[in-house]
Amino acid sequence: MNYADHQLGIYLQGMFADQKPAITTDLAALEHAAATVLAPEALGYITPSAGSGATAAANRAAFDRWRIVPRMLRGSAQRDLSTTVLGTAMPAPVMIAPVGIQTLAHPDGELATARAAAALGLTYVHSTQSAHSFEQVAEASGDGARWYQLYWPTDPDVCVSFLERAKAGGYTTLVVTLDTTLLGYRPRDLDRGFLPFLHNVGIANYLTDPAFLAKLAKPVDEDPRAATLHWAQMFPNPGLSWADLPFLREHWDGPIVLKGICAVDDARLAADHGMDGIVVSNHGGRQVDGAAGSLDVLPGIAEAVGDRLTILFDSGVRTGSDVFKALALGAQAVLIGRPFLYGLALAGQAGVDHVLRCLLAELDLTLALSGYGTHRDLTPEALLPT
Amino acid sequence: MNYADHQLGIYLQGMFADQKPAITTDLAALEHAAATVLAPEALGYITPSAGSGATAAANRAAFDRWRIVPRMLRGSAQRDLSTTVLGTAMPAPVMIAPVGIQTLAHPDGELATARAAAALGLTYVHSTQSAHSFEQVAEASGDGARWYQLYWPTDPDVCVSFLERAKAGGYTTLVVTLDTTLLGYRPRDLDRGFLPFLHNVGIANYLTDPAFLAKLAKPVDEDPRAATLHWAQMFPNPGLSWADLPFLREHWDGPIVLKGICAVDDARLAADHGMDGIVVSNHGGRQVDGAAGSLDVLPGIAEAVGDRLTILFDSGVRTGSDVFKALALGAQAVLIGRPFLYGLALAGQAGVDHVLRCLLAELDLTLALSGYGTHRDLTPEALLPT
Amino acid sequence: MNYADHQLGIYLQGMFADQKPAITTDLAALEHAAATVLAPEALGYITPSAGSGATAAANRAAFDRWRIVPRMLRGSAQRDLSTTVLGTAMPAPVMIAPVGIQTLAHPDGELATARAAAALGLTYVHSTQSAHSFEQVAEASGDGARWYQLYWPTDPDVCVSFLERAKAGGYTTLVVTLDTTLLGYRPRDLDRGFLPFLHNVGIANYLTDPAFLAKLAKPVDEDPRAATLHWAQMFPNPGLSWADLPFLREHWDGPIVLKGICAVDDARLAADHGMDGIVVSNHGGRQVDGAAGSLDVLPGIAEAVGDRLTILFDSGVRTGSDVFKALALGAQAVLIGRPFLYGLALAGQAGVDHVLRCLLAELDLTLALSGYGTHRDLTPEALLPT
Amino acid sequence: MNYADHQLGIYLQGMFADQKPAITTDLAALEHAAATVLAPEALGYITPSAGSGATAAANRAAFDRWRIVPRMLRGSAQRDLSTTVLGTAMPAPVMIAPVGIQTLAHPDGELATARAAAALGLTYVHSTQSAHSFEQVAEASGDGARWYQLYWPTDPDVCVSFLERAKAGGYTTLVVTLDTTLLGYRPRDLDRGFLPFLHNVGIANYLTDPAFLAKLAKPVDEDPRAATLHWAQMFPNPGLSWADLPFLREHWDGPIVLKGICAVDDARLAADHGMDGIVVSNHGGRQVDGAAGSLDVLPGIAEAVGDRLTILFDSGVRTGSDVFKALALGAQAVLIGRPFLYGLALAGQAGVDHVLRCLLAELDLTLALSGYGTHRDLTPEALLPT
């Protein structure tokens, strides 16, 4: 597939149909555009990172420290961006990050995103904290590839039930988020006293779960507050340790990926514990203020465990050029979060589609213009540190 | 104590009581908030640093140069932030810095802060330049731990009297500030011709001191100007030298801490002279313009004398993440200044309480999310320099 | 020629004729000035760089990293800025970059620029994507030196025809642009759905070309859209490779320069393939977002192939001081792009003349004040890295 | 003399007389304040630096790269800032830089500044391009120390006459400015077509010079334009070389200082040619755009020739803290330019006095608070590079 053609398509539509894109094509401007349509609570929940925002700034600064050195005359007329990650075939090394509560951005929420991803063949990662359930998302996703992201609850029954529902719903790989055993310190939400889950938004997987419901004294609609509080007791899980991982293997026979790895030693531990992959991530800066930029820790991790683990990446990715850099520094695929969410806010499924097409077009163009017929040839040599 | 619970408490209050925090939870935004309620002279005295403000900027830049690398799956459900510093038990490695003239921020001044600190179990450090006396603050502090900060006056009788009153008032450790033997060059105050002490504000300890009063020809209320001038003659003491320290040992039998150490060689001299501890500090940037960021000099000092002295830290600390970094780089506890003062300005004792709880919550969350069950395990390995 | 005299001339005109320059002399302010007169589509096409603009920022940051160290008392009353580049005599090491579609800036377009260049003796480089044809520009250029820049079309007949017309028109050196085998991702144009070529603007060379016209079913004015689409099929050429270069040698007997070189290895390949020169360039940041600053890669390339190839430079040059730096780091001449285009927008030929005179005056002054009688003595020793 | 007392004086005046300083004490804010009173042409001439302003920015950035590390308890009650530079006794290592045409700032021009300097005992350096003559300034300066700065004219008769008048006027040291053999490229003046000298402002030394007048066909008031043009022919002197220096020695028997040295090799040449001192300076950024920050080149020069030459410094100095840094990095005294000129603009002689007192107070306080009893003990060890 030639993603770059999307650009010419826009120009031709401009010329022949006098039509402009309904949403900006400037991927770095999407946040600003989305801010004009999002409700204040939604904007406050989606956009900021933890504390003073230093980690989000570090994520961006890390990208600025690496510069692409394009190569010329390497015959890159055909690009092949396809790849296979942990058995999942992908037309491009780009995945939909497991963003929760997408109804904050748009009423269609996860369903719109899953449909857009499936239409493009991209893998959708379903968040435990979704506003739609495993089953609803699976139906929307249809034949599309999908993985499941676990926030590991303290109740093992619910955990096992989640894994079983994921399997039944065709989610093939398990992504375990480690960096959010407690919520980060988020002043904009705190200043509003606003946590969406406490309004029973974004806990659809729980409210449809037999194991969860079994622990409630009354049906949810009779005592919604009790359901909320039950969730609030089950979600925090800072006691998790490496010794808990065999429990997952016992209940999940597909690949397991640990998300939230920032330290080289943790990447090694993941390999030592038989994990299949990791996502190098600081949760888009939403958890620990003052943390290292995610891209700043990627090269060391790739060097240490690149031959033992599948390495995925997120946090701070905004453009196709960013994806190029993360791939060059050792990621096998990149998860996109806020950009698609801004597209969702602006135009639902069509907005997600627009953002993903633009990002893939820019990635494809960056590869072509930098002399790469496939992203699989990228190495750190493609970049210059500054 | 689980400081992180404060965060969930705010959310629950938002949901069940529809209440928002009265003061922002954004610790980096407190200065802006306080600026809306402080009188211009108070704002001009409290907020700026010396000269062009370069030292305050350096303090913040120093924090940005170190980045937290969170560790995963280390079973940090229970955190123990308690510590003992020079014999004083502390529930968390956070102390109230010896800020003077707190009535500039709020009529209750030091009394409100001392009460808030005592309620949280945090150690209060009483400034020589307070608007309330040793005795008043001791009463407000009650069972709370308290230390005394000395601006060493040129009159030895007053100095001895201060030390005796401190002992009598239950102040257990002596903190000697070395960096303010003269006032720094502060344009905003100079432009107003405003020095609060010259209005007999912030010299309560003197005006209640027998040794001080004995030197005045008339009672203070009969000739307040003479009292002011007498203070103004006694305060500057740039002739102090290492040879003067035995005088303190003679008149103080508790631990002695030197505050304002920036040079490794001075830290060594402090140890050589038998001091118990130091505060690595540039006085929040208020004394020398163009000075090194306080955190920039901490690691070298910790390496040089960490095994001989108790090392405390202040200057530029705004958030729990900042506290984490200072502890990781060798401080055993951190003194908080302007943030609590902004809380005081915004809501008196309740404001101080709010700020301290937020800061402790963020510190606790940062430890938990970074994989530390106690701050005592922090080392520079927890950070990545950039 | 003493370019510095232009400065005194302005002052004398101010004094004796009470006349101010019609256009600012602040070369860094030209973009702002031009923005006030350009149509939005023109401004959106001319000014921005690709994607998020990071490459344009990198171009400027690269200049800031090198600082001139002026030398004193070196007797630089007379400066000789003349040089010969690939057989073309030049009064100064400054050339007119091959900017396309100059009618976006001013109705006179390339003709005005070619005239201004010829009047100053500077070499004009004719872009394949011009709004005026080879022949029109050659006539305007008259006795002026001129080179030809090729966007290598996929149709070899058209390519050969272009080369023959260039030769016939007195264009002496061939500059082959390698970095634009596809258009970069340019959000401002995309957001407008605006690509000037699709309106048959900027493809004058094609529309006057027998080989091009021969492939059209109808005359252009009968079916302009077909001509556009034919161009759009012929322009993209990402399949080009080093193996194609002999084709050019076969059809061009003058010097050949490869434009768009950023990697040291590509510079070596250019030499290995018998090229005469290269232009170190990232196309003014218009092609790959997040690419290395052009000046950042110049020193390494100059060191590697400076003895085998003529090295030219562009991207980010705004002032005479910038030209000085690029020459010191190994360029034999520098191509100026946007600055002259802004002059063109502001006042047609007179505007181009004004900008070039100012830039040459500043270059000459910088040489004189830095102790250089000729730019040919410049080495990296003239600069201090920061 | 205890310069720090000036600070307490301001506070006491505020308290007892309810008087605020008429001019801000914020030395970094003077430019902003002066901008409100200066005529546009004057502001445009005085404030900007050459070209894009990059050199002025580099001057300031250089100061930010060095940070003071205050030392404690060093008994600095008494400070001795006095020094002797090339035989001139100075109460502090601060001199008045040879700023030209001071009537642009205030009608009293150089006379006001010379009086203020003399009153404080600071050495005044008289610019060749002054609005008042040698003799007028000498009279205003009275018993004050004064040096003479030469812009070496191409007419040797005028040069010799200047030197003789300087000697006769009690100017004891000759400062030869090397960096302005041509005027730098200054867009703000060019955009106005404004060069004050062409209006016979700032050439008082010439218009009162017998050797200059002798070359004019008519008296100045009969043909002022001819005088202007004669000046304009005589001023530029880019042909000057090291071989010309013996001419100065022949006609000047006092110390000679070369001003405008930025390169270590030029500093060595100055020593080799028997000069007495140098001023490390880039003319406040007014000559070469994109040049190295003046403080960035000071340490290397001090290391190379500190034992052979007296080293003075200017460019970018705004505060007492800046002076401290330059002294620590090897300067024996520092020349102050724009700050006093802003004071002059704001309040004539009283304004100059105010600025100098503030700057000296801050310098004195910085020494005291950093543990130095005299600036002569400063070494690079007092600073931390960042």
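General observations
We call the chains A, B, C and D, going by the order they appear; numbering starts again at 1 in every chain.
Following the convention adopted for this analysis, a residue touches a chain if its C-beta (ideal position, glycine included) is under 8 Å from a C-beta of that chain, and two chains touch if they have at least 3 such contacts.
If you're wondering where the values come from, they're calculated on a predicted model, not measured in any experiment.
Farthest chain from chain B (centres taken as the mean of C-alpha atoms): C. To overlay chain B on chain D by their CA atoms, one rotates by 90 degrees, a value rounded to a multiple of 5. At the interface between chain C and chain D, two copies of one sequence, fewer than half of the residue numbers in use appear on both sides, so the contact is built from largely different positions. Between the CA-based centres of chain C and chain D the separation comes to 42 Å, rounded to the whole angstrom. Each chain gets a centre from the mean of its Cα atoms; for chain A and chain D, those two points are 59 Å apart.
Contact of a single residue of chain A with at least two other chains is seen at no position. Pairwise, the chains that touch each other are A-B, A-C, B-D, C-D.
If you check the complex, the residues on chain C that touch chain D are 4, 7-8, 10-16, 18-21, 24-29, 63-64, 66-78, 318-322, 324-325, 361-362, 365-366, 368-370, 384, 386. Across the complex, chain C meets chain A through its residues 51-52, 54, 58, 178-185, 187-195, 198-199, 225, 228, 232, 237-242, 244-245, 258, 260-263, 265-266, 269, 282, 287-293, 296-297.
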